[in-house]
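Okay, so chain A shows up in both of these, paired with chain B first and chain C after.
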Partner chain A sequence: MNTNRLTPARWFSGGLLLVVFVVLALLPQYNHGYTVTLLTDILRYAILTLAWMIFSGPTNYMSLATAAFYGIGFYIAAIANGPVPFAVAIIIAGLVSFVVALLVGALTLRLRGVYFCIFTFALTLLIQNVVLEVERVVTHTRGRFVEAETTEVAYYAMFIVAIFTIAMAVLIRRSRYGLALQSIGEHEEAAAHSGINVVRTKVLVFAASAMPMAMAGAIIATQRTYIDPGIAFSLQSSFLPVLMALFGGMSNLVGPIIGAAVFTYIGELLLTEFPDLYMLIFGVVLILAILFMPNGIVGLAQTVWTKIRGSRRSAAEGGRRAPA
Partner chain B sequence: MHLLEGEGVTRHFGGLAAVSDVDFYVDQGEILGLIGPNGAGKTTLFNLISAALKPKPGKITFNGRDITPLPAYQICRLGIARTFQTVKIFPHVPVVRNVMVGALFGTGRRTSSAEARKKAEEALEFVDMLTLKNTVAGDLTLAQQKRLEVARALASDPKLLLLDELMAGLTKPEVTEALGDIAELRSRGITIIMIEHVMQAIMAASDRIIVLDYGKKIAEGTPAEVAANPKVIEVYLGEECDA
Partner chain C sequence: MAAVRDIIITGLLLGGIFALVSVGLSLQYGVGRVLNVAHGEFIMIGAFVTFWLFSSINLNPIVSIVITAPLIFVIGWLLHATLFRRLMHNAPNLDVFEGQSMLAAFGLLYVAQNIARIIWGSQTYQVNYMNTTVTGAQIPLNRLVALAVVIVVGVAFYLFLARTRMGKAIRSSAQDPTTAGLMGVDINSVLAICFGLGLAMAGIAGSLISFVYPIQTSMGLQYTVIAMIVVVLGGLGSITGAMIGGVILGIVSQLVTHFQPTWTMIAYYVVFVVLLLARPKGIMGK
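Up next is the complex of A and B:
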């Protein structure tokens, strides 16, 4: 396909990506403490948002189950980190979440539209309450302690999972599954009659997208030391990725990453500068963003960019056309 | 052995018998016309063949194989492709990628992306829309969207093609052109079942015609036989004569 051609724009964005990569990889060598923690947080939300968008973006099936898979990661970390190495615990979290999502997906992905959305929401509450009850009856506790990891280790783990998530998103988008998912989102019936195994495609991609969510949860859990079902399965983790994706723009994969970064940073800034007004200002910013940037930050940037280029190009073409 | 055969195919919606105990068949290379007044069950029959709905009861076989329990995507991969009365395209996807869906997923074989694109372009060439390949499908006219559906169906290498009111709303020259396309498809070895309200077109194109009324088959035969059948004249053609 001609999309693989190396145009100057592609060299530029490729180079930019490399610079960002190197800066992020070397950052903890020069910076300690707050910046690293903040970036870990940004990466976490970038992972959740991107993973959410892998499935919900093209299919238009709005999932609110992100918190369920994210929380599963917390509990796997609490159980497995220590007995097994941190990296293994993260991988187990991903696999367990994959299997749970596979089962849930097989049951629920026959539902459409708002029914699917409400079911995933209920699923999060269900898992949260099941864990709460199991802990009460079996271990007679409310929460658990998690074997801690250093800020730097957590940062690097999050960085690697972020790269894994981006790679997964790009690969799925470019593969035949990308077109299949989009077809399902645009007209599910026509997709089925054109030979797409609609149920299998949806369930597999839903399950794959649940992996990075749990991995991010397993890493964040090691920074909390104490967790309970309220912390692990907080519904924020379901809603924020949706808002961040809208905020950044869903037309490509850069949007959700930028959305997550800006959103997290603004949130952090407001929380530290105006702790009392945090929610109020945040809400206003969000409403303004949705009202005036229907295609997110990236959509806005593209509109501005095409306007600049458009005027430049039409001027150039006008000059070229004149002699003819 | 018939290419496609239905025995006692029935489907009720609540108390209404949309399709009631219909036996039908189509042979390799044949063009079968399906006519009947509005609500006669023609589209429902297509939905039953393509597994959008399941017959209850009834049995449908394709190439001797019982396909009644199979899901829609497998029906397509076996070689039964369809178009829709109300167009069902992927509106935000470029035309060529709409058609590639059929080539990538509908053939039952593993197809590379390059191969699928080539196939999609051939199918678009056939419906005279190659120049529109990069247009977003939602921007096409309704007539073009119908042809896009034909191209998408063709890209899946069908043995049997179900055309649901392909000619509705077309102008006379467009109908003539569509008839030419249908003859061309037949010469490629594709069997066709078509639903059509444009009488002149279906009489000209079909080898055989089945007439449905209130879900029941009331007549079957060559176009001339069907046109002379008093029952058919009464329920269907008669109405048009009065009007």
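Up next is the complex of A and C:
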């Protein structure tokens, strides 16, 4: 799975990525408004999903802290965008999130399995409550206004962060950190015994993966004008990336992007068609997706493919056997 | 001194409800390996069904437990028999199942909360039941009644686990489901019953909460988080641990409320973080 040989499948996915890249880069020149907003949204979830997968994919540590880092991005944008240029605000968001994740990781990555999962789940709500309380006691406000950016600027910013995220995912995968993470996921003690600094690897990669999450948050915040802790730290941002990664399949980097695109589009469609029932239907879709496509859309495609090949092969074998 | 006494007493009363909620969650995770993030939604459903019975036919909230608990038990049993059982059989290993069942529970959270919102809206309600205080202390009578119910349910559940055949099957399934299955325990039915029982406890807690605290359709998540903290505090899967953890968190809650009411949620997390770091397996964990 992780060899560096250029198989036809790799050529194909590489070429596909290039085509998608060019189309996405040129799109706002020809199309304005809704499509650009929708694509910004899809890119946002693709970033969150990929970033989530950088750490949680190989290690099997299920992090639900995505919303925490994403929300930090929101608040950094609210504070910094305006006083400093937009690009600088995004970078600050990434750095702050990196530092927070480093601290959190250093404290909690001793936890295993479901404990880590519960802890990260609670972390999001903790940060949300602290922000709420700080706003109430210190600034006497609820929510903040964010200096807005145009949809085109937000789109290109998101696009650049998406490329940054993909590059990071690929580089980490190919580096010794990627291998180390994978061996941690398979057997942590064995990894430690074979000389991997387990704690340092986990903490560093966890912190690195928190950067794009906050950057995406900082960009989306400029499209909202008004934010409050409920919006910034919504649990949806923690669970949806997990769902999208599972749905897309985690064996390669294209799957999660497909997952993000499909679910964002379904969400958008439901929101416009049934604004009152949106959340209800989305819950049902979520359950059905897990129930009937547990291996994701890529897994489904693989199953169908092996069935077709399997039946073809058995037919061929049957054909050979028949004369004898 | 009176303040300390009141903190301890109200803390115990609140802790009882927390314990009930957490035992349910602990049962679902400890036996069924489902980290049910929708647990709190069934507290909400229990509370609203109680409220609805109280306001429409003036049914006593304590009596309505006889309706809410079986109703929610059946919902839980069906959910496990259809949704979680299928996930369990399709998942290649336990880790995958834990992840998938949690996501499915998250979907359930949306479904339950939004159905409730469509029916009851987003206003705040409260069942006005026995709102008089006991002379001598500033303890509302309804909280004492709630604690009494919690104790009855707790003792009944303990006896059920310790003395009955089904209880034995549940305990053995929690220890080692494969071996339990080989010994003739119908593991599917045990897991479905455990899930249903866990939710039924959430439902009972909901009935009690409806006349102690204001209720809203969005109240569930808060209780889910409390239950998770308590369960980790006591040790995942440990019923006694969940009881002790509930009482500790109840007292912490009242202590913080005494000084700064809006900080309770933050105080829970502080307790939680400190405990996770100091003793990740919980008080009663092995």
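Just so it is clear, the second predicted complex is superposed on the first by the 273 of 324 C-alpha atoms of A that agree within 3 Å, B and C clash if a C-alpha of one lies under 4 Å from a C-alpha of the other, contacts with A are read in each partner's own complex, and residues count from 1 in each chain.
Note that in this section a residue touches a chain if its C-beta (ideal position, glycine included) is under 8 Å from a C-beta of that chain, and two chains touch if they have at least 3 such contacts.
This one's a predicted model, so the numbers in the text were calculated from it and none came from an experiment.
> Which partner reaches more residues of chain A, chain B or chain C?
It is C that touches the greater number of chain A residues.
> Should A:A221 be classified as contacting the first partner (chain B), the second (chain C), both, or neither?
After superposing on A, A:A221 lies clear of both chain B and chain C.
> First (chain B), second (chain C), both or neither: which does A:A261 touch?
Neither partner.
> Looking at the overlay, what does A:H187 touch: chain B (first), chain C (second), both, or neither?
Once the two structures are laid over each other on A, A:H187 reaches chain B alone.
> After the superposition on A, what does A:L126 contact: first (chain B), second (chain C), both or neither?
In the superposition, A:L126 touches chain C alone.
> What is the contact status of A:N197 with respect to chain B (first) and chain C (second): first, second, both, or neither?
First partner only.
> Considering only the defined contacts, which chain A positions touch chain C in the complex?
Per the touch definition, chain A meets chain C at residues 60, 62, 107-108, 110-111, 113-115, 117-119, 121-122, 125-126, 129-130, 133, 136, 235, 239, 242-243, 246, 276-277, 279-280, 282-287, 290-291, 294.
> Please give the residue numbers of chain C that touch chain A in the complex, ascending.
Of all residues in chain C, those touching chain A are 29, 35, 37, 83, 86-87, 90-91, 95-96, 98-100, 102-104, 106-111, 113-115, 118, 221, 225, 228-229, 232, 236, 262-263, 265-266, 269, 272-273, 276-277, 280.
> For chain B, which residues count as touching chain A in their complex?
50, 52, 71-73, 75-77, 81-82, 84, 88-93, 97, 100-102, 104-108, 113, 117, 152-153, 156
> Give the list of chain A residues in touch with chain B in this complex.
1, 176, 179-180, 182-183, 186-187, 189-198
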